[in-house]
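Same chain, two partners: chain A is paired with chain B first, then with chain C.
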Partner chain A sequence: MAGLGFACLLLALGVCLYGIGASLYGVRSGRVEFSESGRRAVYALAGILTVAFAVLEVAFLRNDFTFNTVADTSSRTTPAFYRAAAVWSSQEGSLLLWAWLLSLWSSLALFLTRRRMRDVAAYATAILLGLGGFFVALMVFYANPFATTRPAPAEGVGLDPLLRFPTMMIHPPMLYSGYTLCTIPLAFGMGALLARRVDADWIKAIRRFSFAAWLFLGAGILLGARWSYSELGWGGYWGWDAVENASLMPWLTGTAFLHSLMIQEKRGMLKVWNVSLVLATGTLAVMGTFLVRSGILNSIHAFGGATLGVPFVVLIGTLIAGSIYLVVSRREMLRSSHRLDSLLSRESIFIANNLVLVGLCFVIFWGTYFPLISEALTGQEASVGPPWFDRYTVPLALVLVLLSGVGPVIAWRRATLANARRNFLVPVLCALATFAVLVLAGVHGKPLALAMFCCAAFVFGSIAQEFVRGTRARMAIAGEPAPAALFGLIRRNRRRYGGYVVHVGIAVLFVGVAASSSFQHASELSLSPDQSTRVGAYTVRYVRPTATITPRYDEAHTGSTLALGAQLEVTKGGRYVATLNPSEGFYASQDASQGTVGSLIGGQPVSHVAINAGITRDVWSAIAPDIEAPLLQRIVKVGNSTLSSEEALVAIGYLARAYLRSPPPAQFHFIVSPLVMWIWIGGLIVFGGGLIAIWPAPSTVRRRAAARARARAVRGLARV
Partner chain B sequence: MAVVIVLLIVVLLALVVAVVGAPLRARARSELPAGQRPGAVEQPGADADGEEQALLAELHAAREAKYQEIRDAELDYRTGKLSREDFDAIDAALRAEAIEILDRLEAAQEGRREVGGEEITPT
Partner chain C sequence: MNPARKRTVRLVVALTAAVVLASALIYTSFSAASPALSPSQLVRQAQPGRSYQVTGTVTAGSVRRTGEVLHFSVEDRAGGTVIPLSYTGTVPDPFHQGREVIVTVQKQGSSYVGERNSLITKCPSKYKTAPAGENQNS
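Coming up: the complex of A and B.
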């Protein structure tokens, strides 16, 4: 079956090359049938890569260790769910996932635009097939997911224990969907410039895909943050890791584009800015993919594999050079004759918002790529850590949240000062009331966090005011009761009110970030059973040790041979708060020199964090049990010298019993973080708002609305 | 097993050729005007037809965007973001812009009907 998979890759490469040629020939010669054939090449690519992906999935599910990727990342003891998702845990499999998702989203985009913008779509087809062909070529020549070894090993290495977490398995497909969706507007943007058609039709075509890219990328980023918080054992959700930053940058420029797009839609302005944002977002998405595979930067996400760095650099260089050339050479047609009517307008707020978002992206770009630049200039590697990022991003984030509350209460085109004063009254009062309440409650000493809470309150006040006023207006016009009026208001103005919900979600998310990072209590504890200690207002008591061994008791399917932990009881002021059961899993290694028993637990240990999540706070704990304690090491040594590999598991049972009978003191990492849950809730609100905004109105509703608008336009002009 | 795999590859290849080549076969089967035979000189009409379609699509999109602007302005007024005077001025300007787009759209569609083309409606 590996032969079938590799044949699919070769066929895919051929289809890409044909499709590029057919599309370009079709659009240059006016031969529509060739452009159409090029579009169908994208559909064919999706079909071929679906077969290829299915071949690899079946290999994983059947434990076919003749496939090198299966042998390297899976095993017979890996649960079926993780085996199915292990496809994309390797460099090769993740490249296949990337190419497959790109072909699927490209097919959808080209199908939906099959009757419009034929010239733009033809160029876009060529660009998308070029990108698809690039990734297929990487697999054919550098990282073949269908490479085999015969005879096959009896057992695979197994999935990296860090990846045995449901969120981590969904995170790559979501993130890659975001990345690949970012290439759709990139391709259509380049196509529009090549065809010299950056107009209303182009905006309409790419708006939904830009929004979908933004949604998926955001979901992927949040899932990664959740995994970091719940699995990695350091208690944080964002570490300004290079690959985290690489996914955030296109999300920031994508957010800027979604806002400035509205200005181009309404006023025909900012064409140069918008095409530049679209091209930058797509290029940053490709750069994010490059970072993980080039081995250039250190990251927990990195696949390594320096062999892929050069092709990616060539691709990125081509994208950047091509983008600059297209924008500069088409600058005349991108000029706008319109100007801002007023500085006090929603257009101005959106432009300010864009500057902040791009500024954030620039700061993160500089901090992420600074090690490279520094090494190139001085020969010495340097790095910037979280404090550097926080220093510049936090003030910008404050301004961003504030603007997300200002924009909704300002009108398009122009607003008067009197109106603005009236519209800002409620949001400002909300912010002031929040400030007063928090200061009176003793929340002080963290001015930036306090400022964020007040900005968020401003946002909540302005959005709530919009919903209330809009509902009242609809009640007055349509005579509907409040719930029906609210529903009707949202249904008829999905983009606006979906966007408002997104703003609320962002504010909620930042409240969670500000609270959890500024008011966190963290401690390193060393405890023995029945010992207790104070952490802030909390008392932590080590109740008893815990131990589990595979295969029978590994209910979480972590794959650990042995997991040693503890049960902790947390109280506050004498009242019970939570019971936590952190543990550390010890995994088998491939190193035979560790002995028959030692190699069963000699792999990289992985922390299994215990979290008691709540609306107001999370209580979080990780443990580092002392596996090097003399009593435990004596058992390992005796087992190594007396037991064969088939009998070695018996010694693991003795280890567990010894740990339970005489547990050595353990090191604990203990954290109480306020309002962490609101980060995930905020993310869900953002996602929900995005779905509302992106949801299309039924075609009959659109036709009726268009007919009514036309009639009113004519009547209104007759009155004037 | 190897034979099965080879057969699968051949079937896949045949499917791909069928899908990708369908527009080319359809074109070859239909009656082709002289100007669209391979190697022949392009006829200006073909380009002009594409340009007209592009113009109509653009005008349809611009019309929908303008209608949305009119609705947004009314919602801004009803939610207190615009004074009556400002709303009247903006609303009149937007309706004038909408009428201009509608006139251009009608002219483009009239021109298309005169040369025997089908009226284009957005999908």
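Coming up: the complex of A and C.
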């Protein structure tokens, strides 16, 4: 099996090299059959890497520990659900996932453009195969996912317990889909510059892929935030960690591109800016991948080892140098056909929105890479923390949300005072009413949060007004009832109204972020049974200890040997609110020096957070039981010296019973966060809006169906 | 004002604003940054009242808790210099003796006090467990 997998990698490398040569020869010599062959090489690459990925997936599911990656990141005690996801938890497996997803998305993009822009597509094919070949070469020469050891170990190390969380199954594929989709606009952008075809055609061809990249990347980021909140025992969803930042940067430049491309489509402006954004987004996506694998920055996410740093630096350097050369050498072709008519226009707002997004990206880039910058400039590595990031990103986010309400209602080319008054009256009233209500309700002391709520209200007002006006217009023209008119409005203008829904989602998400970060109550303390504490308006009482043993009884199905926790009662003003059961799971380790009993619980301990989620607030709790307590350690010691590995679980049973009878004080972490659920709801709204916007409009579907019918008719006539 | 001149003025204003903002960003990043040091470097360079980001391995047998305060020591990767730390705040799940951690500290007397919630566990084994004895360095 491993031989088949590695043979696939070698074959894939050969296919990449052939495809690059064929595409370039085809486009340079004008021989279309070679360009076509290059395109088919991408399909072949997708097929070969699918086989390779399947081989590795089967090895994980069958616990084939001859594969080093399986032995390092999986085990028999890892539940099957998580064994399937463990494929991409290793450096090698994640590289294979990257290359495989790249080949799939590239195949789709090249298939959909097979009859358009043949010269641009040929260059894009070569670039995509170049990227695919790079990742395949990394696996062949540096990080082989099919490396084996014989004889195989009897048991594997197991998937890190922190990753045993449902959204972790889909977070990496989502993120990697986003990253790989970002490279498709990059390839077509470079192809357009190389072919000197810089009209709006290439932008139209990749628009949907840019949107898909944005959507997948956004979903991946949000799933990561959700995992952080629900699984890591700190109760936060964003920590300005280097790897989090790395995924946010291409999302920000991608967002800027999705707005500015409309200006190029409608007005023929911002060509240099657009192509630069596309190239920057693709390069930032590769940099994000590099950051996780190079080990150059401190991150809780980074993979071990730093062997892949140099090849990635070479790739990124090539992408940056190539991008700059192409944009500079083609600058005459990229001149705008129109100029900005007025600063009070939708174009200006889009440009302002682009500047804010790129500014945000620059701030995050600077802060993320500051340790390297500082070391290069001063010889001393230094880093900036979350307060530094917040200082810049919070005001920029406020401006961004405000602009997302202004953009939809301001006129193209030039807004007059009269139409500005007509369009902004409702949104401004919404913002002012929100301010008044919040101040009267006693919400003060957090001006930035208050400003965010008002900006969000402005957005809701402006978008609602657009929907109401559009629906009324359809009702008047088509005589439809309101629901049908609204449905028809969205159906016929999916991109526009889907975009508006996205704006609403973003505003909702920021309301959640502002409220949960500004008005949070937190408490960390040690409690014994029957003791209680106050967290904000809530009282939390430690009712009794809990203990579960063996994976069979593991409620979270994560494979922990032992989970020690607590039953907590949450009340507010004397009224019962909820019962929470946080626990900490203790997992087996492969370290025999811990003894027969100690090794059953000596692995990575992981918090099983308990949350009482609500639309107005979340009550979040985590526990760190004192497993080092003398009573519990005595049982482990005695068990180690008297029990064999087959009998060791008996001692775990004693340990659990001792913990239930005489629980040592446990360390608790409680957080009451208002409106945190709206972050996830906002994310779902964004995702829904994105799907509406990305779905082909009825006219496009009809046009494609008609084109297919015409093609069939032509083929039929040719046969006659 | 003619359109060409208007465009030039806009460009100059925009570039000036960009330069001012970028300068503020660069200045504040250097003034707000915490130098990243190993325990041995910290012992040599630390000045009271200033924040440092120390990266080291949690010394075996050094972890104990007094109420809300976590006491532990960190040492250089290669061993040698050991510094005692007291820390309050969230303790990440992977925190364990022998693990590499990053924590922002200030010198107070002969010991070091960690800033609240600044403890990060440097954990490549989140994705891949290094073989026994190998240094787990991301």
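As a working rule, the second predicted complex is superposed on the first by the 695 of 720 C-alpha atoms of A that agree within 3 Å, B and C clash if a C-alpha of one lies under 4 Å from a C-alpha of the other, contacts with A are read in each partner's own complex, and residues count from 1 in each chain.
Everything that follows uses one rule, which is that contacts are C-beta pairs under 8 Å (C-beta built on N, C-alpha and C of every residue); 3 or more make two chains touch, one makes a residue touch a chain.
Keep in mind it's a predicted model, so treat the numbers as computed, not measured.
By the touch criterion defined above, A:R469 reaches chain B but does not reach chain C. In the overlay built on the shared chain, the residue A:Q91 is in contact with chain C alone; chain B does not reach it.
When both complexes are overlaid on chain A, the residue A:Y654 reaches neither chain B nor chain C. Once the two complexes are overlaid on the shared chain, A:S374 sits against chain C while remaining clear of chain B. Applying the stated contact rule after C-alpha superposition, one finds that A:L162 touches chain C and leaves chain B untouched.
Using the contact criterion defined above for the overlaid structures, shared-chain residue A:W388 touches chain C, although it does not reach chain B. The partner of chain A that touches more of its residues, comparing chain B with chain C, is B.
In the superposition on chain A, contact of A:F435 is made with neither chain B nor chain C.
Against chain A, in their complex, chain B makes its touches with residues 2, 5, 8-9, 12-13, 15-16, 19-24, 26-27, 36, 42, 46-47, 50, 53-54, 57-58, 60-65, 67-73, 75-76, 78-83, 86, 90-92, 95-96, 98-99, 102, 123.
By the touch rule above, chain C contacts chain A in their complex via residues 3, 7, 21-22, 25-26, 28-30, 32-36, 53, 55, 63, 65, 67-68, 88-94, 96, 102, 104, 117-118, 120-130, 132, 136-138.
Listing the residues of chain A that touch chain C in their complex gives 72-73, 89-91, 157, 160, 162-163, 232-235, 295, 298-305, 339, 359, 362-363, 366-367, 370-371, 374, 380-385, 387-388, 391-392, 524-526, 584, 591, 604-607, 624, 626, 628, 667, 669. Residues of chain A touching chain B in their complex: 1, 3-4, 7-8, 11, 15, 18-19, 22, 29-34, 36-37, 40-41, 43-44, 47-48, 51, 115-119, 197, 199-201, 203-204, 265-266, 409-416, 418-419, 422-423, 466, 469-470, 473, 476-477, 492-493, 496, 705-706, 709-710, 712-714, 716-717, 720.
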